[in-house]
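Each chain gets a letter, A, B, C, D and E, in the order it is written, and its residues are counted from 1.
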Amino acid sequence: QASTTKINFTLDWRFEGPSAPFLMALDKGYFLQEGLEVTIDSGNGSAGAVTRVATGAYDMGFADFSALVEYAAANPESGMQAVYMLYNQTPAAVFTLKEFNINTPADLVGKTLAAPVFDGGRKAWPAFAANNDLAVDSVTWQSVDPAIRETLLARRQVDAITGFYFTSLLNLEARGVSLDDIVVMPYADYGVALYGNAIIASQKMLIENPEAVAGFNRAFNKALIETIADPESAVKFVSKRDPLVKESLELRRLTLALDAQVITDETRTEGLGVVTMERLKRSIDEAVSSFNLSRTPTPESLFNMAMLPEKSTRMMQN
Amino acid sequence: MMVFNRRKFLIKHASWMLIVFLLLVWEMICVGFNVPEYLFPAPSSVWASGVDRWQPIMMHAWQTFFTTLVGFAIAVVVGVVLGVAVGTYPIVYKAFYPLLVGFNSIPKVAFVPVLVVWFGIGTVPAILTAFLISFFPVLVNVATGLATLEPELEDVLRSLGASKLDILRKVGLPRALPYFFASLKVAITLAFVGSVISETVASNMGIGYLMMAASSSMDMALVFAGLIVIGIMGVVMYELFAWTEKRFTRWANRGVNNTAI
Amino acid sequence: MMVFNRRKFLIKHASWMLIVFLLLVWEMICVGFNVPEYLFPAPSSVWASGVDRWQPIMMHAWQTFFTTLVGFAIAVVVGVVLGVAVGTYPIVYKAFYPLLVGFNSIPKVAFVPVLVVWFGIGTVPAILTAFLISFFPVLVNVATGLATLEPELEDVLRSLGASKLDILRKVGLPRALPYFFASLKVAITLAFVGSVISETVASNMGIGYLMMAASSSMDMALVFAGLIVIGIMGVVMYELFAWTEKRFTRWANRGVNNTAI
Amino acid sequence: MVFVEFEDVSLAYEEGGDLAIKDISLSVKQNEFIAVVGPSGCGKSTLMKLVSGLTEPTSGYVYIDGRQIGGPQKCIGMAFQASNLLPWRTTLENVMLPLEIVQPYRSQLRRKRQEFEAMAMALLERVGLKGWEHKYPWELSGGMQQRASICRALIHKPQLLMLDEPFGALDAFTREELWCMLQELWQEQPFTVILVTHDLREAVFLADTVYVMSKSPGQILVKRDIDIERPRPLSVTYTEPFAAQVHVLREHIGSIRQS
Amino acid sequence: MVFVEFEDVSLAYEEGGDLAIKDISLSVKQNEFIAVVGPSGCGKSTLMKLVSGLTEPTSGYVYIDGRQIGGPQKCIGMAFQASNLLPWRTTLENVMLPLEIVQPYRSQLRRKRQEFEAMAMALLERVGLKGWEHKYPWELSGGMQQRASICRALIHKPQLLMLDEPFGALDAFTREELWCMLQELWQEQPFTVILVTHDLREAVFLADTVYVMSKSPGQILVKRDIDIERPRPLSVTYTEPFAAQVHVLREHIGSIRQS
């Protein structure tokens, strides 16, 4: 190989099941085959990942698309773009317990919900409320660290929580709540159009070395297809990178994420990683109104279709 | 005479001038290097944001100030009592000191979830965190102050047949006062850190909450305004201690130029 | 004679016995009140988890230990230098002290993202955080130690025509040693806290990362094992200081029962 | 009526180290005024510490008022060789210190603070410190500190007064004035006094009995009764018998140095 | 050849407060040995601090070797009234302190440490502290501390030696021995000495000139030349002219007290 391009990549969170395709692509040398020398670091939330890429500390990253929207609204000239939409739907969801008799969004009125202020679900609550004819201020929010919201629900100290589907479900389970007792209202199932996490790339990268970004996507896409085909072996790359993780748990997390966020009707027909401009626009509009943003970025400025691999390579074998 | 006065003037106003100078440098760096606002906002935009959100900032600041003071007060009492025990009884020293050091090497933020589960979200965990984080410096300094007491001074009281408690009250504690005041300066800053951290983890109130909320909407200017309000509260408390210290430890600071302390 | 020896024995082993006792109480509370493991695991399960993950824990612990020591070393140097400046020059005292107190009231974790942008995630931000959080106690205590220097001792050197630097080296610093050692005990614990906190925010390594990873895989026993490893490292460092202190400040501790310090 | 009794007392500061004093036996009667003289470093201050219970003998026994000493005593006033004033207290507060500790003053302090303060002021005036009551110790000259420390030893009218070179930093005239003051106090209301001094005239003028100690390790070499009748006016110091007593003591100490 | 000169020097410790010393003018010739006597608290120690540049006069000027003093001096050895030994150094290390500060010793210290240590040991032996070199100051008796502090003042052979009641805590014999030692050193290799003392015999025995100070605020009342020829053996203290000198000084001080 003539020369390799260095890419610093930051995840949105720690090494967990859903990071399997990234780590697999790294470990199996898919990135190298594209002439990329990639380093992958764990992250500290989507907002942090966006900031890291925006400041140039990282070239590319994995972050909630809504965080990108919010960032772009405040910094129109940043030129950062999403290049591969991994989570076709937002993983945000409302969790509550059967015993509370909350079965529809309408039942949430007057209840207390716990979530960190930066939680995707909490921030997108206005969209959820609008889609379900609730007043935005019809619930009371309790601000807590991610680490304790499930504890509070498990100990019945709050009525409901919002959180990422695959994280909170597993956390609740680990706190001794059986799956049968949990009521989940995924935002996506209740009319929210928001996209989930995407691979983002800095303006510098996109202008100076678009080929590297495309190569990254190709390598990642290849790994993702393999991950969907065989999650059990994919998750091994996570435990290899971080011996601390519990493989069985991460496998469940991965399959939950794949089943709910990655494999959707849209990706089955359009292929992985892609967005539809119409829904993207709705997604952005929802984000803008939920987050109370002053500008509405155009869909084209935020998602770069040109970096996606061939559609045929992005189709899942059934 | 002229020179003398100018020096005095300098010393008196050094603090303000330095702050203004630093703010200018900060502003210049931000503007000059085009540092993006979401990373490190310039003082001007922090100021604008602070003025803009004056009311909520004050409310949150008041909450933080209150929790910090309560936690700090508990920390001072507990720190002095434990410090006296450690500095006086060898067995307590040997038994507890290593444990306390170990305990204090642990980030207190790890205990916040447990505190929240026991005491609910809000003020109590913040108070307890402020306490847990700030009692240790007081303890260490009081214990050291007592342990380094000159035996000659102790003998003065012992020769009068004074009880251990009397010795503590009449020589031990007065002698340890400079140590104590030094520790207060450290402890109050830690108490602020403790309550803010606890608020970021679980609270709907306080500067910690404000900062989390602001940073979740990427309003870094507001985050920094919060930080600066904390800093100002720290300075206010410090000035209070400095004033008290000046009154109570004049004997220990007699060597220093009057203007110094 | 028998009684005397028993007392000595007690003092010598008090530390261990207390630890064992506390562990027993903790275990009993956990078992007795049926405290759920995800909230507060019992020592037995912490131990099991620690033994189970011995290797990764050691690796991460080593990383944290290293970053902490580097940060702490920088903090000691900077703390002593600034402490000397603050304790010696009234103008520095007036100008910088309030600012430093204000700065230290701010949770250092707020700066980690900025550090990450400049230095990437990993070791450097952790070292810097450990440094930022732990230099202040050193500074305050050294400054206080110098400011409370007895003018009589200073006069001994001044009468020899010694320079300011000589006075500092020959009386100022030796006299401030007890203060300095007291501050080391506080600073090392803070340095551990600093590096762990930075690791939880931005690192793929270290006990802080381990704790975050463990808590996101809901392995609270491992989180606590991490905490305990930190505590143990804190105690080890403390023992080191205690030993050094014993050698260097015997003169100051001459009043205390030999067994004490 | 023996008040203080030493029975074969030895003391080594370090376990197994050199003895500071060795096999000292002496007894002081109630209200007796004794003086201890001896070369520098012979163990006089150590002897004082033993009487006041600040240190324990390595071997032998010390009795006060018939009871063996097991720690600091309550009936003692002591002026240390270094004046040891507490630097955070003014001179007056330093002198008042024993009243805050020792019964019965302690429990009366609240009610009678005015009265006690007047007492302390009067005492300070007597030693020539009027006007310095509210100064801190480090604002006093060496001799002034010493005088303040004497006041602190006297204020609570102790049964046993111990003075360790109390007049060393004073000029001859102030010193003689204080001799007379001490003698007056002692005669008004007798108490037991142990005085350590290097000034043989001081010892002879004030004491009933003078003990001469040997070089380190300190032992009692000579016990000499001073039979000059009381009250002794200052003029007695110029008389022949007085000079003779001083001379004898001087000879004794001189011979110690030769050996 | 005037070495130290005071020109109308006054000093108040507090701005606008009482004067500690007032309008003092005196001059000390090179290699002169002067003694200052006066009642306790009259400002003798203050005078010493002014000479050594530790405090600045409120008004007036102090010159050393023709230059006005603007801070601590480099050619001075000083024994303080309280011995002020550094508690973290052993006796030997305390005595060596000036060699670590003062040139030319300072730059030779590395090479000649052995030699300098031997020098310090020899000096300590001369004042009777052989065997105590490695003890800490708080393990010494009061008189031993004082002797160590004298050694510290002498070790670097200063041009100007200042002694503030250096022999106050010593017994008569040790004291006289040290008088002789000091006189010998001074005659071997002359230097200027300012001695503060309460012992008039000491002043007359050692000094060329004795200054008598008044009560606070201290002024120079009397300057008296002692014309006893040198070297003065100890036996001179029993001679008539010596006693006469002492007597005259005593009269002077006595009359101060009356006033």
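Simple rule for what comes next: a contact is a pair of C-beta atoms (placed from the backbone, for glycine too) under 8 Å apart; a residue touches a chain by one contact, two chains touch by 3 or more.
This structure is a prediction, so every number in the text was calculated from the model and none was measured.
Minimum number of contact steps separating subunit B from subunit D: 1. With centres set at the average Cα position, the gap from subunit C to subunit E is 48 Å.
Computed centre separation for the pair subunit A/subunit E is 84 angstrom, with centres defined by C-alpha atoms.
Shown for subunit A are the residues that touch two or more other chains, namely 51, 55, 147, 151.
Each of the following residues of subunit B touches two or more other chains: 39, 113, 117, 151-152, 200, 249, 252, 254. Within subunit E, residues 82, 138 each touch two or more of the remaining chains.
Here the touching chains pair up as A-B, A-C, B-C, B-D, C-E, D-E. The part of subunit C that touches subunit E in the complex is made up of residues 152-153, 155-162, 166, 170-171, 174-175, 177, 249, 251-252, 254.
Put simply, subunit B touches subunit C in their complex at residues 10-12, 14-15, 17-19, 22, 39-40, 90-91, 93-99, 101-110, 113-114, 117, 136-137, 140-141, 143-144, 147-151, 154, 178-179, 181-183, 185-186, 188-189, 192-193, 196-197, 200, 208, 211, 223, 227, 230-235, 237-239, 242, 249, 252-257, 259-261.
Within the complex, the subunit A residues that touch subunit B are 47, 51, 54-55, 70-71, 74-75, 116-118, 123, 141-145, 147-148, 151-152, 155, 157, 291-292. Every residue of subunit C that touches subunit A in the complex is listed here, in rising order: 36, 38-39, 53, 55-56, 113, 116-118, 120-122, 201-204, 209-210, 212-219, 222.
Those residues of subunit D lying in contact with subunit E across their complex are 13, 37-41, 43-45, 81-82, 128, 139-144, 147, 164-165, 168-175, 198, 200, 250, 253-254, 257.
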